[in-house]
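Order as written gives the chain letters A, B, C and D; numbering starts at 1 within each chain.
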Amino acid sequence: MGAISKARSQAADAGKFVADWLEHRAGIVTMMEHFLYEPVPKRGAWIYTLGSATLFLITLQFLTGILLLFYYVPSTDHAWNSIYYIMNEAYFGTLIRGIHYWSANFLLAVIGLHMAQVFFSGGYKAPRELNWVVGVVLLLLVVIIAFTGYALRWDQDGVWATVVGMKIGSYSPFVGAYTIQFLMGGDTIGPATVSRFFAIHVWLLPAALAPFIGIHLYLLRRHGVFGDEMEYRERLAKLQERQRLEEYEQYEDDGEPYVGRRDRADRD
Amino acid sequence: MAELQKDPMTRGDFLGFGILGTIVGALLTIPPAAFVLGPVIDVNVRGESDVPDDWYRVGPIGEIPAKEPKVYVVEFPVNQVYSEEQVIEEGVETPGATIDNAVWTSWREEIGENGEAIHRIPSFVESGVQPPLTQEQIDEVTANLNVLSSSCAHLGCPVRWIVKEDGGEFLCPCHGGIYDINGGYVGGPPPRGMYSFTFEVREDANIYVKHEFDIGGDKGPQQPYVI
Amino acid sequence: MPIGDLQVPIIGKNVVIAALVQTHILFAAFIIGAVLIAATSEYLGMVTKEPRYERFARNLARFVVLLFASGAALAITFVLALVTLFPVFFSYLQNIFFWVFLVEAFMFLGQIIIVYAWYNVWDKLAYRKTLHVTFGFIAGFFGLMAMTMIDAVASYMLTPAEAPVTNVARTFLNQTMVPLNMHRFVGNFSYAGFLIAGWGAWKYLRSTREDDRDYYDWMGHFGLLWGFGFLILQPVIGYGYLKGIRESSPEAFNTIMLGERAWVFNLLAIYLAIMSIAATAYFVHKLRFAVKPMPTLRNMAVGALGFTALFTVLNVIPADADIFPGVLSFAGGENTDIPLGGMYPWKYIGLIGLMIVGFFVVALYLKATAAGFHWGRASRWSQYALLICAPTVIITMMTMGYTRESARRVDYQPEGGYLIYNCVTLQQNVVNENCPAVVENEDGTSTNTINGARVGGGE
Amino acid sequence: MYAPATGKQKPVEQEVITEENVFERPDETIAFFPKQVLYDLFVSTLLLLACCALSYVSPAPLTEPADTATVTYVPRPEWFFFFYEQMLMFFPGYALISFGAVVVPTVFVVLLFAVPWLDRGPRASSTRRPFATVIGVLVVVVVLLNMLMAVSRIINFPGQ
């Protein structure tokens, strides 16, 4: 046997050994098999990539967000300078912040499309109602994260958008004044506003987002992907066929010629 | 895997757990809630604003022209979080955080009977101001001066002055809110006229302002102070 | 003026243009609305397999095809009249919107070809119904695109963007382009719907055979659903449209809302009152023939009729309601701090009330329609209600056209008003420096790129 | 969960399809791993490339440092709040501003949460449930039109 084939067989045995070792201890192989080889609908596969694109963009946001944390300083007089440093001095700083900014915009667009796709294809019907509710929670979290993130750069756009946002918030009946005082850390924009928005944007909401994504995926795998009615064309055809046959039998015995169901209502 | 061991639980145990749980839960949530809601408590319960309750210099009245408003920048020190005075005194010597506001100042304008505008600029101001003002000079200035916040009453965008052929008007570029030179509501989405500061004029012919709006008898809702 | 200054002897240039364009719009609006209504009805016929949808779609398509030619002829004469009577203005507009007019012409061409083909292959394509229905919707789409292009020009005339013409985004998407396009899109459906209802009612009253009565009764119902359903959307879109006008052409806004053209909107309020009361009364009456009787809901519908009447009364009161001093003029008269911004509260409540009650009645009626009706038994006066709606909607369409065009009158001051607001006057002189087609030359003066006239008042 | 894709499941012909189990299993399925993951990766790489290219072509914006005392700056919302800002215009006056700014969006969000319980019809395809589809299309159209109106107001307003 040549050296190469011997090396190959030894490598194969080593691989098998490692797999068995892991399988026995952690059951990892069966779990992977269970997750990876799950049957999913075939016809509309391209439309369902919207959901995974959203997941990809959120992970992108988490990664680039953590990288930005290495340089960002959340205080009124350093925030802008630290971002200026990222954009101009840090290696690939423009790239990292660019990805964070642009994938945020794409994320909101893709979330909109994903929600529209699920709504118009009826993906929220029983037994998947909870998944829809979790989806809407995710949408709200992402929108609030986007709003708080916009203020962190503490430039003209960011500050003034926050001022207008706070003024809009102050119009909510009963709780308006309290919520914006909580968000601004007092009764005017100041250093507390930056640190509060920083805390909310960087940890509070993402920490809420992660488990909900987990639930969303768990419910998805629990009930299987409901694509669109086009995935069930043949089964629906068989169902209607069987129902029509049943209907014919019902009329044959009372001897009258069969007339369409709707017109029966008009005739009597 | 051992099967689940389900010992029977009496109603008493259940109630006991319930009450104990709620008490411990409450105890565990009060400190974090107070910790996070600190500022809301300060502003509403203890009535302290972030900006110390003091008079802040805006600018001299001499430079305000007769027919159009002049914008001054007033700097309010902000006592928030790490920029509180006491904190800075004990700790590292850093400049406290400040927030500056644009203030539109103008002389009140009235429409005379024949329809053209009368500008209430005091005579002695027009002919150059000698600093030590007498009391009735101060009263005359205070009665005829508009000291307006530049934040639009609708959604808080910065209001600007646009010159038109007969005078001009305050315009909010965000949604088209229009105010007259006295800050009164003319048109557009704002729910009321522009907010005016509580101000006073001192002998040194300077305007001093507090970090609060003077809503006085004026109707319309007083929204929390944002900038 | 490059060529002889043509003057039409007795009736004047403006009346010629007005007559031609009003009639053209009456035809064109019906055609755009009717093509889409016919296509939807054909689709409904395909889905519900009921013969009446098919019959209606075919008759309506035939009617559209007949009307098309005369509508188009009016359009051509209108353009010719514009070119001859207002040469400077039209070449000015053509310079700015050349491509828009070109696209509009091709969309118009596309619509003609498809509408005629669509009608003539009705039997040939019967076996491929879905394809035939999609053709109908494509024809409708072409019609809408033609209208969108014209709306770009029309909205530009009332609210021109202060940007140079090279800035295509601002010129095409000026302040009132989107709301005007929406207002006309919804208006076409409502207009066509009311006319169909009127036509159905007229034929119902004259029909003798049993199945004809059923069919025309259903046709009146179907037309009114379109007509009133879309009518209740109009106040919101109209509000957005007027906000756009006020932001970019305040004097024009004052002329139609506060100035001497304000009576037009009182007229509109009266038409709105007639149409909404007639429609609600028709709905309440028809609910009696629902297959699935809904007694409680029907009583609520009667309540809705009462509310509609109340809200229409609120609407009809003129804004300066000091005719009944103290009673109706809002507390404190002039300097009341109006809670609804600049809006008169009762007019605002009237419009919004009409909409909400309208939504409720239409939703209720749709619920009954889902279960079906016993056709052919509608009372005579319910058909008279539809018959009143048809001419009212025609007059509303004409009044609305009159308001938009006369908004640029701006109480006649620069030579009788503007053709393009703040830019080209009725005597076709360019009066404003920041008009798009004006060129700043070195020595500070600016010349109009079209007729070389010096800008700053007609010489 | 679906019956496992491996051979043991009941032969499909005998399965009597009833109203309940018609949506039990799609006609044709593919394994998640090779096929669907490939499609997802394709779309994700496209998005990643777009983000990277855009981050150099038009870098993330950073205007001059904040100055709360400016009177020349015009604040504009992010693109995804355009429709919200334009929608506020339809609620004028101090009586309606809080209504339009807060109450209407909250009602919209509550209805969004309740969608599965508002539309309980058995059939999922949008042509089979006209009421839900029409309202869905209406909402989408209103949002898009409001966005367009906001864009036209922003580019045309003397804000520059």
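As a convention for this text, a contact is a pair of C-beta atoms (placed from the backbone, for glycine too) under 8 Å apart; a residue touches a chain by one contact, two chains touch by 3 or more.
Here is each chain with its UniProt name: A = Cytochrome bc1 complex cytochrome b subunit; C = Cytochrome BD quinol oxidase subunit I; D = Cytochromesubunit B of the bc complex-like protein.
Just so it is clear, the model here is predicted, and its values are computed rather than measured.
**Q** Could you name the chain whose Cα mean is nearest to the mean of all protein Cα atoms here?
**A** So the chain sitting closest to the middle is D.
**Q** Can you check which chain pair, A-B or A-D, has more C-beta pairs in contact?
**A** When the contacts at A-B and A-D are counted, A-D has more.
**Q** Quick one: chain A and chain B, Cα centre-to-centre, how many Å?
**A** Distance between chain centres, rounded to whole Å: 40 Å.
**Q** Return the distance between the CA-based centres of chain A and chain D, expressed in whole Å.
**A** Centre separation, chain A to chain D: 11 Å.
**Q** I'd like the Å distance between the centres of chain B and chain D, where a centre is the mean of that chain's Cα atoms.
**A** Going by mean C-alpha positions, chain B sits 37 Å from chain D.
**Q** Provide the C-alpha centroid distance between chain A and chain C, rounded to the nearest whole angstrom.
**A** 42
**Q** Using the touch rule from the top of the page, what residues of chain A touch 2 or more other chains?
**A** Residues 76, 160, 163-164, 168, 171, 176, 189.
**Q** Multi-chain contacts in chain D: which residues touch at least two other chains?
**A** As it turns out, chain D has residues touching two or more other chains at 67-68, 70, 73, 75-76, 88-89, 92-94, 97, 157-158.
**Q** Going by the contact rule already set, what residues in chain C reach two or more other chains?
**A** Residues 247, 341-342.
**Q** Note which residues of chain B are touching chain A in the complex, please.
**A** Checking each residue of chain B against chain A gives 36-37, 39-40, 42-44, 49-51, 76, 78, 80-83, 97, 99, 151, 155-158, 174, 211, 223-227.
**Q** For chain D, which residues are in contact with chain A within the complex?
**A** Contacts found on chain D: 1-2, 5, 16-19, 22-23, 25-33, 35-37, 39-40, 42-44, 47-48, 50-52, 54-56, 59-68, 70, 73, 75-81, 88, 97-98, 101-103, 109, 112-113, 115-117, 120-126, 128-129, 132-133, 136, 140.
**Q** Can you check the complex and tell me which residues of chain A touch chain B?
**A** Chain A reaches chain B through residues 75-77, 160, 163-164, 166-168, 170-171, 176-178, 180-182, 184-193, 195.
**Q** Considering the complex alone, what residue numbers of chain A touch chain D?
**A** Residues of chain A touching chain D: 35-43, 45-46, 48-50, 52-53, 56-57, 60, 76, 80, 83-84, 87, 94-95, 97-103, 105-106, 108, 110, 116, 119-126, 128-129, 132-133, 136, 140, 143, 146-147, 150, 153-161, 163-164, 168-169, 171-173, 176, 189, 221-224, 226-236, 238-239, 242.
**Q** What does chain D use to touch chain C in their complex?
**A** Residues in contact with chain C: 89-90, 92-96, 127, 145, 148-149, 151-153, 155-158.
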